[in-house]
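Have a look at these structures, which come just after this line.
What follows is chain A paired twice: with chain B in the first complex and chain C in the second.
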Partner chain A sequence: MKNEAQKSKSLWYHAWESLVSDKMAVTCLIIVLAYFLLAILSSLGLVASDYAKEIGPSYAPPSSEYLFGLDIFGRSVLAKTIKGTEVAMSVGLVTGIISMIIGVFLGAVAGYFGGKIDEVIVWFYTTFNSIPYIMLLVAITFILGKGILAVYLALGLTSWVGLCRLIRGEFIRHKDREYVQAAAAIGGGDFRKIFKHILPNVLHIVIINFSLQFQVAIKSEVILSYLGLGVQGRPSWGTMINDAKLELARGNWWQLAAATAAMMVVVLAFNILGDALRDALDPKLKGK
Partner chain B sequence: MKFTCIGLCLIAIFVTFPSCTKKDNFKGLSLNLAVSSQVKGMDPIYANDRYSSNEVARVYEGLLEYHYLARPYKLVPNLAESMPTVSNDGLTYTFKIKKGVMFQKNEAFGSEPRELIAEDFVYSIKRLADPKLQGLGWWLLDGKLVGLNDWRKKYSELPKADYSEAVDGIRAIDRYTLQFKLAKPFPQFLYALAMPFTFAVAREVVEKYGKEFLNHPVGTGPFAIKDGVFKQTKKIKYVKNLGFRKKKYPCDGSEKFKKEGLLEDCGKLLPLVDRLTVNIIEEDQPRWLNFQKGKVDFIAIPKDNFDTVIPDAKNLAPDYAQKGIKLIRSPSIDVTYTAFNHDLKLFRNVKLRRAMSLAYDIDTANKLFSNNQALPAQSVVPPGISGHIEGYVNPYRATGRPEQIAKAKELLAQAGYPEGKGLEEITYDCPNATVSRLTGEYFKKQMAQIGIRVKVQQNPWPELQKKITTRNIMAYGIAWSADYPDAENFLQLLYGPNRSPGANGSGYNNPEFNTLFKKAAVMQDSLERTALYEKLNRIAAEEVPWVFGVHRQNFVLRHSWLKNFTNSDFDAGMAQYLSVNKAKKEEMLKKL
Partner chain C sequence: MNIYSYIIRRLLYVIPVLLGVCLIIFILFNVLSPDPTLIMLGKHASKTQMMELRAELKLDRPWFIQYIDIVRSTFTFDFGRSWSTKQEISEMIKNGAIPSLTVTLPAFLVSFVLSISISLFVSFYRGKIIDRSIVFVCVALMSISSLAYILYGQMFFAFQLGWFEISGYESGFPDFIPYVLLPILIWVVLSVGPDVRFYRTIILDEVYQDYVRTARAKGLAESTIMFKHVLKNAMVSIITYVVIRIPFLILGSLLIESFFSIPGLGGIILNAINSSDFPVLKAMTVLSALAYIIFSVITDVLYTIVDPRVRLK
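Our next item is the complex of A and B:
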C-alpha cells in the first residue's frame, strides 16, 4: 500500500477517474447529491418546514406564485414534494445500510467458513426471502405501530438476500486464493482475513448493490405509502399519488406530476449511477 | 384459451349493444334500472343488504310499507288492512290482513289460486327465527317476541324445526287476523314489519324447492321474476304480476311532491310498467356510460363525475340539462362525526371537547369533502325524522370565524391546557380510503390552530372496527346511516349501556341522557316522545360527545321519460310506482 506513492494508481482512483469521465454518470451523481442536500435541509427544517400551512385557495393550479400548484387544503405541492424527498431519501439510506450490514456479514461468514454454518445461513436466507415485504411490514406494525421505523425495518430486513448471495459466492472464490493463503501463512486469523483481506476485494459489489438497493427502497416506500401502510401523518410521494387518485377526475394533475417526476428523476439517476459504478469498479469490465 | 375468452367477450359486447339500441317492438312500458352490486338471492330472510332486499321487495310484500310520497317517512298498511290496534301496555299488536290477496301462480299450489292468510306471516316470521336456516335478519326480532327465542333455542339442538309448535308471540287468530305479543316494549317494532326480512312467503313453495327456494321467488308483489327462476346473471328480468291485487297509486303526499307533479298518476293501478329489467353493473364508469346512453333510467352520480355533471355544485351542466336529464337531490338520513373515546379521562373534560368542536370549521370541511352540498350537523338526529330541531344552532358548532377560534382557545385554557400545553398527542384513526385520510388531515390541521397535536393513522376497515370494539382508540372519524326513520336509531349511539361492542363506540355515558333515553325508547310515537327526543338531541349538541360532521345528500340523475321518481332512503318496493313516457323516450333517445 505504501508503495503506491510511486506511479501505480489504486483501484479506487482508477474507478473515480473512469466515473468522472462519464458525463452522464457525473450528472446523475450531482442529481443524487442534490436530493441528499434537499433531504438534509428539509430535515433540519431549513426548507419546506411550513408545508402544512395554507398559502392559497384549494386546488390552485401551478402558476408563477404557486410553482407546483396547491393541494386540497391550499398547501404548496412543492413543499410537500420536498418533504417527501426527505422521507424517500431516508428510507433509501437506512434500508440500504440495514441490508448492507446484514448481507455482507452473513454472506462473508457463510462463504468463508462453509460447511454447517454455510448450510444454516443459506437455509435462513432462502426461507427469509420467501416472506413478501408487505407481510413482514404488517407483522412489524403490529409490534411497533405504523410509521417510518416500521418501513425502514420491513424493507431493510427483506432486501439483504440478493447481496448476501453475491458476497457468499465471492468469498467462496476468494478464500483459497494465494493472497489469502499468504495472509494465513503469516498468522492472520479468520477475522483479519475476512475483513482486512477479502472484503476490500469484493467491496465494489457492495457499493454497486447499495446504489441499486437505494432506488428499489424508494419505490417500495412510495408503494407502501400509497397503500396507506407507509409513513403516517407527513407527506410522502406515495400519499401524494394517493391524493391524486381523486383529484384526477377533477382534472388536477399537478400533485401526481410533482410526485412522480420527483420519484422518476431520482430513481433514474440511481440506476444510471449504479451502472456507471459497475463499469468503473468491476475489474472484469476494465479496458472494455 | 385466454385469447378465445377475451375475443368472445368482445363479440358478446358488440352483439348486445346494438340489440339494445334497436327499436323495441314491445308494446308495453319497460323500466330499466341499474344496481351496483350482485344480488345474493331472492329469499327474504337472507336479504341483509340494500341490493338484495330491493330485489326481494319487487316480488314479495310485507304487512307495512313506507308511504311513497310522504316526508317525513311514514308507515302505511300494505298487506295489512289497516294499521294495527295496539294494546294499552304497548305489547300486543293485532293486524287484520287484506282479503283476497293471491300469491303468484306456481306449480307448488297446483292449479288453484292460493290466497294469502295470516298463517303465512306466522310461518314466514318463524322461518326468520329458524336456527337451521341461519336467517340474516334474526337480530331484528331477537328477544322481541314472546316465546320466539325459546322456540329457536329448542330447535337449535334438534335436527329440524317444527313449525307447527305454537309460539305465543306470533299467532294467527283467524284466517285474516294476526297477533304479535312483544316480550318488552319496542315501539320501533312496526319498522321491522316494513323490512324485507319479515315479508310473506308461502310454505308450499318453500317446501317444494327446499334449498333452491332462494332462486324461486313466489310472492304477492307487483312483479314476478321472468320464467319463474332467478339466475345469477348480470340482468334480472321481471314482468308485471298479472294477478296483482288492486293496489292504487297514492293520491296524497307531501306538498313538495304535489308541486312536482308526482301525484298525477293518482288512483292508477300498480305497477305502472309491464316489464322491469335490473342491470347489475358493479363499476361506476360503465354504469355511468349506460345511463348516458339511455339504457338506464336513473343513476346516483358517481363521485368522480360530480364536477363535470354539476360544475358549480348547484345546477346541472347545460349539456345534460339539454338532454332533458333532471337532478334530484335529497338529504340522506345519516350523520358523520369524529368520536372521542370517553373511557379516557382526557375526553371526559367537556371544556376540551367544546374547544375542539369550536376549532373545527365545518363550512370548509363541507366545501372540501361534500362539494358544499351537505348540511352541517348541529347534533346527532338528522333532518327528516322527528327529534331533529329545525333551525337549532349548536353553540359549539364552528364555521371558522376568528371569535370562535378565540373562544376555543379560551375554553382550552379553562380545560387546563392553555395553548395545548400539557395535552398529549391525540391519535385519530380512520379507514384506508383517500377521502378518510384527507378528512383526518383536515381535523389535524383544524386542531393545530389552537395548539392541539393530532396524529392521523390509517387502518383497514375491519381493524378500525376492532379498535373501536376493544376500545383501544382515542378519536376516530365515522358515519351512521339510519336502519329505520326513528331518532331512537341515532340517539342510541350515545346511550351509556350501549357502549361498544354495542353501537355506542365512543362509550359516552351521561346519567341524565341515559334516563331520558330509556324513557323515550319505549314510548309510542307522540308529541311527548318528540319533545323528549328533542331534549336528548339538545343535550347531545351541548355536551359535544363527538365533533359533529354533516348530514350528507344524495344526488340522483333521471332521464326525462322516467315518471314519478323520487329519492328515498327506504326504496324497497319503489319500482311499482315508477312509469315511463314511451313517446318522450323515443324522442329523447335521439338526442343522447
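Our next item is the complex of A and C:
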C-alpha cells in the first residue's frame, strides 16, 4: 500500500504541488475559473440576461448608476461585457478541443507509424502551414457562412499544426523506448500503445498547448469580428471593440475600455498560467 | 549525405508542397465555397444570367482544368482580373507592395533591434526583479487586443495630440514618412512583447550550456560572454525566426493598413474579403504561400550551413 501511495506521487502530483506553491499561478487559475463561472451563469441566463434592454440614455458615461456606461442603444456595457465572456470562453474551449483532437491524432499517427504515413502527414501540415492563417480563416467562414459555428471551426481547423509537430516529435522519441517494447511484449496493440502508454507521457505538451491555444483563440475572435466574419447577433468582445471604432472619435471610450480590459485580464491569466504549467510539467526545465 | 544533395532534395520538396497549396486553395474556393455568381448577382438572378456569368468567369469548366489554372498562375503570376475592380491582379499587387513595405520594413528593423537589445539586457539580469518585471510587461502587452492599440493610438496620438497624421498616404520617398510613423510605432509595440519573450528563451537556453560555464571559469567578463559566446550561438535560432517572418512583411498588416488607409496589400485583402473577390484572395494566398515556402527553404539551408550540429539525415 505504501509503495502504491509513493508511486502516485508522480509527475502530475509534483506539478500540482509546484503550481499551487506559485501564488501568481494560483491567482491566474482562480481568474480563469471565475471567467468560466461567469460564462456558465450568463449562458444559463442567471446574470446579464437583460443585456439587450434599454436602461438609460444613449451613450451615458460610466457613473455610479451605470457602472461601465451605456452604449448607443442605452444598453448596459457591463452586461454586454459579461455576455461577451460566454462567446470568448466557448470560442477558446471549442477551438482548443478541435485543434487538440486533430493535432494529437495526426501527430501520434505520424510519429508512431513513420514511413509513408508519416510522409503524407508531414506533407499535409507543411502545405497547410504555408497558407497564411488569415486566408484560411476567411475561406472557411465563406464556406460555412457567418456565425459562431464558423468561428469555432475556422479557428480550430487552422491552429493544430504546432501541436501536431510537437506530438509527432515526442512519439518518434518514445516509440522505441523500453516501456513501449514491454507493452508490445505483453500483447499490446498499436492502438493501446499509442493511447494507453505513450500519450500519457506526452500529455503535458497537450495541456500547455491547450492553455496557450485558448488565449490565441480569444484574441482571434476579435479580429474575425472586425473583418465582419465573427459572431452575429449577440454581444462579444470582438463586436464591442468593432463598434467602438465609430464611438471613439466622439469621446465614448468606455465600451472599448470594458471589452479590452475584460479580454486582457483573461488572456494575461492564460499566458501566465501557460508559463507556470510549462515550468511545472516540463521535466527538462527541472532545476533551472 | 552531403550538403549539396540535401539542398537539392529540399528544393525538390517545394514541388509537392506547392501542388498541395494549390489543391487546398482549389478545394476551399472552387469546390466548397458557395456559388460566387449568387453573391455577385444577388438572390434574384435568373438561371441564364448565372450561366452567362459562370462562363465569363470560367467557372463552367471541368474541375481538373480549374485546378491546373491555379497551378499555372503560381508559375506565371498571371492571376487574371479582380471581380470587383476589374483591374489586373498582378498590377494591383505590384502597386500595393511598396506602400506595405514602407510600413513593415522599418517597423520590422526597429522592433528587431529593440527586442534583441531588451532580451540581452534581461538575460543579463535573469531571475532578478528587473528581468521578471520586463517579462511581465511583455506578457501584459501581448494580452491586449491589437485592435485596441490601433484604436487608442490613432485616437490619442493622432487625433487628440496631433503628433501624427490620422490616416492617409502619399507615395514618393519623403512624402510618405509622416503617414507611416504611427503605424510603425504601433507595429513595434505589437511585436516587442512576443519577440522579447522568444529571444530571451533562446538566449537563456544558451546561457545554461557547458561552454558558457567554461568561458566563465576561465575568467571572461560577463559582457564578453554575452556578446561573443551566447549571442553568436543564439543567432542560429534568431536568424531562422527572423527569416521566416520576411514573407509576412510583404503581406503587410491587414488591420493597421485598413485603419490608416495605407493603400497596401493588407487593404487589398480586406477589400477582397468584403466583396467576396475570389481571384484576388486566391492570388494573395498563392503568393504568400509561395513566399513562405521559399523562405522556409532558405531558413533550412541557412540552418544547416551555420550550425554543424544539425545532422543531415
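Assume the second predicted complex is superposed on the first by the 271 of 288 C-alpha atoms of A that agree within 3 Å, B and C clash if a C-alpha of one lies under 4 Å from a C-alpha of the other, contacts with A are read in each partner's own complex, and residues count from 1 in each chain.
FYI, a residue touches a chain if its C-beta (ideal position, glycine included) is under 8 Å from a C-beta of that chain, and two chains touch if they have at least 3 such contacts.
If you're wondering where the values come from, they're calculated on a predicted model, not measured in any experiment.
A.B. asks: After the superposition on A, what does A:R250 contact: first (chain B), second (chain C), both or neither?
C.D. replies: first
A.B. asks: Which partner does A:L149 contact after superposing on A: first (chain B), second (chain C), both, neither?
C.D. replies: neither
A.B. asks: Given the touch rule stated above, what does A:L203 touch, chain B (first), chain C (second), both, or neither?
C.D. replies: It touches nothing on chain B or chain C.
A.B. asks: Which holds for A:I40: it touches chain B only (first), chain C only (second), both, or neither?
C.D. replies: The answer is neither, since A:I40 touches no partner chain.
A.B. asks: Under the stated touch criterion, name the partner, chain B or chain C, that contacts more residues in chain A.
C.D. replies: Comparing touch counts on chain A for chain B and chain C gives C.
A.B. asks: What is the contact status of A:W123 with respect to chain B (first) and chain C (second): first, second, both, or neither?
C.D. replies: In the superposition, A:W123 touches chain C alone.
A.B. asks: Once chain A of both complexes is superposed, is A:I131 in touch with chain B (first), chain C (second), both, or neither?
C.D. replies: In the superposition, A:I131 contacts chain C only.
A.B. asks: In the superposed arrangement, does A:T260 touch chain B (first), chain C (second), both or neither?
C.D. replies: Touch partner of A:T260: chain C, not chain B.
A.B. asks: With both complexes overlaid on chain A, does A:L11 touch chain B (first), chain C (second), both or neither?
C.D. replies: Touch status of A:L11: no partner.
A.B. asks: Check the residue A:G228 against both partner chains and state whether it touches chain B (first), chain C (second), both, or neither.
C.D. replies: A:G228 sits against chain B and chain C alike.
A.B. asks: Once the two structures are fitted together, what part of chain A is touched by chain B and by chain C alike?
C.D. replies: Comparing the two interfaces on chain A, one with chain B and one with chain C, the shared residues are 227-228, 242, 245, 249.
A.B. asks: Which bits of chain B are touching chain A when the two form their complex?
C.D. replies: Interface residues on the chain B side: 303-305, 307, 367-368, 432, 434-435, 437-438, 441-442, 444-445, 448, 455-458.
A.B. asks: Mind pulling up the chain A residues that touch chain B in the complex?
C.D. replies: 52, 54, 58, 72-73, 146, 227-228, 232-233, 239, 242-243, 245-246, 249-251
A.B. asks: Enumerate the contact residues on chain A facing chain C in the complex.
C.D. replies: Per the stated touch rule, the residues are 123-124, 126-132, 134-136, 138-140, 142-143, 145, 215, 219, 222-223, 226-229, 237, 241-242, 244-245, 248-249, 253, 256, 260, 263-264, 267-268, 271-272, 275, 288.
A.B. asks: Note which residues of chain C are touching chain A in the complex, please.
C.D. replies: Residue list for chain C touching chain A: 16-17, 20-21, 23-25, 28-29, 32-34, 139-140, 142-148, 151-152, 155, 159, 208, 248, 251, 254-255, 259, 269-270, 273-274, 276, 281, 284-285, 288-289, 292-293, 296.
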